Amino acid sequence: MALKSESEYATDPDDDTRRSLLRHMLVARGIDEEGRQLQKQGALDLWLSCQGQEAAQVGSALAVGPAPTVFPSYREHAVALLRGVTPDELFAQWAGRTFCGWDPRRLRFFPYTLVLAAQTLHAVGYSIGQRLQGLEDFVVMYIGDGATSEGDMSEAMNLAAVESASVLFVCQNNGWAISKPAEEQMHTSLAERARGFGIESARIPGQDPETVFSACSRAAAHVRGQRAPYLVEIQVGRIHGHSTSDAQEVYRTAEDIERTRAADPVTAYAARLSGLGLVDTVWLDAVHAEVRELRLRLMKEYA
Amino acid sequence: MSTVRSAGLAESINAALADLLEQEPRLLLLGEDIGRLGGVFRVTRGLRERFGGDRVRDALLAESTIVGQAVGMAMSGLVPVCEIQFDGFTYPAVNQLVTQAARIGGRWNGRISPSLVVRIPTGGGFRGVEHHSESNEALFARVPGLSVACPSTGEDADQILRYAVTLGSPVVMYEPIRLYWRRNTPARDPEPARSPTAARVVRRGTDLTIATYGAITHEVLEAAHTLGPDVDVEVVDLRWVAPLDLDTVLESVARTGRLLIVHEGSKDVGIGAEIAAAVAEHGFDALRGPVRRLAPARRAYPPADFEKDYLIGVQEIKDEVLVMTE
Amino acid sequence: MSTVRSAGLAESINAALADLLEQEPRLLLLGEDIGRLGGVFRVTRGLRERFGGDRVRDALLAESTIVGQAVGMAMSGLVPVCEIQFDGFTYPAVNQLVTQAARIGGRWNGRISPSLVVRIPTGGGFRGVEHHSESNEALFARVPGLSVACPSTGEDADQILRYAVTLGSPVVMYEPIRLYWRRNTPARDPEPARSPTAARVVRRGTDLTIATYGAITHEVLEAAHTLGPDVDVEVVDLRWVAPLDLDTVLESVARTGRLLIVHEGSKDVGIGAEIAAAVAEHGFDALRGPVRRLAPARRAYPPADFEKDYLIGVQEIKDEVLVMTE
Amino acid sequence: MALKSESEYATDPDDDTRRSLLRHMLVARGIDEEGRQLQKQGALDLWLSCQGQEAAQVGSALAVGPAPTVFPSYREHAVALLRGVTPDELFAQWAGRTFCGWDPRRLRFFPYTLVLAAQTLHAVGYSIGQRLQGLEDFVVMYIGDGATSEGDMSEAMNLAAVESASVLFVCQNNGWAISKPAEEQMHTSLAERARGFGIESARIPGQDPETVFSACSRAAAHVRGQRAPYLVEIQVGRIHGHSTSDAQEVYRTAEDIERTRAADPVTAYAARLSGLGLVDTVWLDAVHAEVRELRLRLMKEYA
């Protein structure tokens, strides 16, 4: 595989990409809302909302493009949808029908892993395996802030560093591991920790999908160009509880929750693109209609 | 069928932990989300507020860290009571449990006898997602140096906990998730256990013995109650799977001549195998027919839609008893 | 007693691995010190020189990394054959083995069937230091999705390995350390196994069946040879402990009416328990006396000076047979 | 416990300390040599030589003083002897008589841990436990370069950082984990890795016990003064194979082995103190006689 120079990768999204970012964010938000609804109605057993993390997920997934194989954790619904997992394939697992509703190989979007951090080593091993076979070895791996405390995450970073594996580690730091705040889970940041293992890294805010897109484009260029790992730590907000079983009001202040809600990346980006005239009500209505249609189908399938 | 109303398991354990924290200043709790949140099942609810964050510790999200640091704390003279969030997430802690916690006493030539408890919510039947409904008590039951308790009532959990924190060697206690909030359970004989580690005969009967433990004890009792008076089933609630109170089982089989073992963990190389083997050896002459086991086949706990096919229900227990006594 | 001379286990496995690396380009080896050094037991000696460092990989010193990355490699279409340096150091890899390797196929709804082998040197009898002489095959035998092999000869190890790398689900193979370099072993019936996963009747006899596996098969054969012709013992070498070939055991018991199970791993909730339980259920009518197990008690493998008290020797096997047949 | 300022801790060894450093190194060397001999004769089952690591072990152990509890790995024979483990107590384990020949509590030198890196979490947990009880919480933990790849080591560093535990991590990097060179085990250094977790650290050469003593004195002062962890990575040479079962000639060049032998810290330090006139032949003869006596007793006990 020929190596490309970093400049061959776009880092700032063009207008089509910006609309695409917003569209995926809106769709993810709608599907996520439906997940919460259906769980409330008893149609799903559990739902882990990704609300507040859409910019991070959509921005990173669009930036890396369709080639890499994605090893998600369990909250990457926006990435899943962007990769072509259909909403009902996405829900099947949470409705108790299967452990994985989609075809992981075809979508290059691998099954959710519920044993925290176990996927980190799979991702690195997969990348090494692909490289050994002369196949596409770019892999994107998602992990939450809490899960990084598991030994497997450190082992995976060390393995990736030593093997110079083409793995982009994306840590969505939403500030919480259920009830434990990230600042009590680590003394530094994941970005610093990665550098300690010899992995270059960046720590970025995750409210604006364009920031995420740019940073992840650069990160992807690094992975492809250097054939070496990279870690992006994205600061995001968790709007809802850890899962539908979790009452975050017990351990989180009302102000903190309110602040997070107020910083909603989806409404902010929609407003921004509207303000810039990049999308109008017709465009937005069309997306909303699409989302409504998708939600209707989900209700039919699951409710 | 007669049922009794009692406190749920969660409530009893919460009260026992509060009492132990009150009485024993060296005791502390350690686990993911047990403090501010009070645990994902709220078993430790209110304890952090009452005893402070030093004694009710929200652990890092790492099971090896939880048990490994507990070993160090126990060496320093404390009595850590750890919580693993779900049975399926015990595996990262296996190394620290099996090669360290279980062996520290021996490695120190008995110069130290650390008390250390690991509480593990276990079992299925509540439509849990993958890894949230497992039963791995048999894994630890064969490990020298570990004791493994599987209470089926709050009263037993209370007694077991109080005993475990003084034992001087590690105890793993499995707490059936589906009993945490259940208040109505089939009636059982009031006779207390002969000792903290003894099994309990929770129903007297003459025709067949069922040895069981954990949540499914209630299904067994329900089956037994509805089978009577045609078939009179004796039910032994083992309460501990390591060490096993085989004497109580053998005495029961000596009376009934028939033994069925029922458990929720999968069958192969399980607790039932040990009991069946021990009885087939030491109770051979008392047996009027083959010892049988009723437990899920060797396959992963399935997605929620299929858990009914996996779990052993009251009807299957009754059917099995009828086959064995016909 | 007649003995035969054959290649040691290490030599046979080395040859099998070389052959597999030769034939199957997707296969690679992964383990601590297996490359430059050729493994601490030299089982992989010369393979790195011959096949290169990409295919005979000196792994990082981390067992979870070894198995975890192997899972990823298997997903990419490779066939990783991992080595864990000693049985006692398997535990850090338990999570990746039990919750990941064993379950990937099911989690993918059968869309993937990764072949992945973990080779583990096992067992005692060579004055090993702490943790170097253990036998934990029973731990994995109960895990759905894992197959567990325990060969007692180079020929069997060869056959098992060749089968394992094509199985499409993970196999753990236990290699008795004390057989690695042993060349003289008691003679056994030449009849081959009916299938790669079948048990072998390695000695025909009429009075009693001994089911066994791994290194101790040789002590069992030695005992059997010296007991004859007074007591004519049939010996079944199970070769796999998961899944178990119970048919061969049951057929043998149907002929002899008596069953003794012998293994080196500790007794409680062990492989012997499963066999005894299964035979006590399905072979009850054929039994002329209680099934018995001969295995170490539930305690840690002791320091070398005391290993003789721990291990089961030829004399104890003979004594047990005589008690059972008197 | 009152906090002391860093300056209250001596960092440069005085002459008595220098003689003490040498004496402990010579004793350790003699006992280690006897271990190798007795193993060759079949009296011990295994011996893991610490030759080449004496300066690191003696320097660190003298620097921290007798107060802290030591959690060793399995090669810290010089530390063991310095802490009062008698040679025959030390050998009992390798002769197959016991899992631990000494009284860990009395000596505050805990049993060797053969499952790599397991002791790392015990050490941090012990320190936390001691602190909670208002007892001495200074703990010194030893680990090799290879063992740092185990997840437990990373978990322990994170725990120590988050809890600000009074743990001094001493990593003796002897360049090898049996046959795997340290530069293939990690992409950076342990010192960098520690900083990634938020633990201050130093990387120092381990040939001169005085350098080690000074660095570890400063490190100890940090631990006591800041009540926070610290990691010292000491570069040492491994003169012999990993253990008496290991033939390092298989994977290590003759020149490399020769270089390591030539850089023997014990002979170098003996020569240096002799040259400085801090020790003379009488002093050296007395130590050698002491060592001979100890070895004779070992032979009587074990051969």
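Here the chain labels run A, B, C and D in written order, and each chain numbers its own residues starting at 1.
Keep this in mind: a residue touches a chain if its C-beta (ideal position, glycine included) is under 8 Å from a C-beta of that chain, and two chains touch if they have at least 3 such contacts.
Keep in mind that this is a model prediction, so the values were computed, not measured.
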Task: Which of B-D and C-D has more C-beta pairs touching across its chains - done: B-D
- [ ] Please compute the C-alpha centroid of chain B, do the same for chain C, then give the distance between them in whole Å.
- [x] 30
- [ ] Just give me the whole-number Å value for how far the CA centre of chain B lies from that of chain D.
- [x] 43
Open item on the list: Please tell me the distance, in whole Å, between the geometric centres of chain C and chain D computed from their C-alpha atoms.
Closed with: 38
Open item on the list: Going by the contact rule already set, what residues in chain D reach two or more other chains?
Closed with: 98-99, 115, 149-152, 155, 158, 162, 184-185
Open item on the list: Going by the contact rule already set, what residues in chain B reach two or more other chains?
Closed with: 60, 62, 64-65, 88, 91-92, 95, 99, 106-107, 130-131
Open item on the list: What's the contact topology between the chains, one of line, ring, star, complete, other?
Closed with: complete
Open item on the list: Applying the document's contact rule, which stretches of chain A touch chain B when the two form their complex?
Closed with: 45-46, 93-99, 114-116, 146-147, 149-152, 177-180, 184-185, 245-246, 250-251
Open item on the list: Considering only the defined contacts, which chain C positions touch chain B in the complex?
Closed with: 88, 91-92, 94-95, 98-99, 102-103, 106-107, 130-131, 138-139, 141-142, 144-145, 242-244, 266, 268-282, 284, 287, 289-293, 298-300
Open item on the list: Residue numbers of chain C touching chain A in their complex, please.
Closed with: 26, 28, 54, 60, 62, 64-65, 68-78, 92, 95-96, 99-100, 106-109, 111-112
TODO: Could you pull out which chain D residues touch chain A in their complex?
DONE: 149-155, 158, 161-162, 184-188, 192-199
- [ ] Note which residues of chain B are touching chain A in the complex, please.
- [x] 32-33, 35-38, 40, 58, 60-65, 88-89, 91-92, 127-132, 303-305, 307
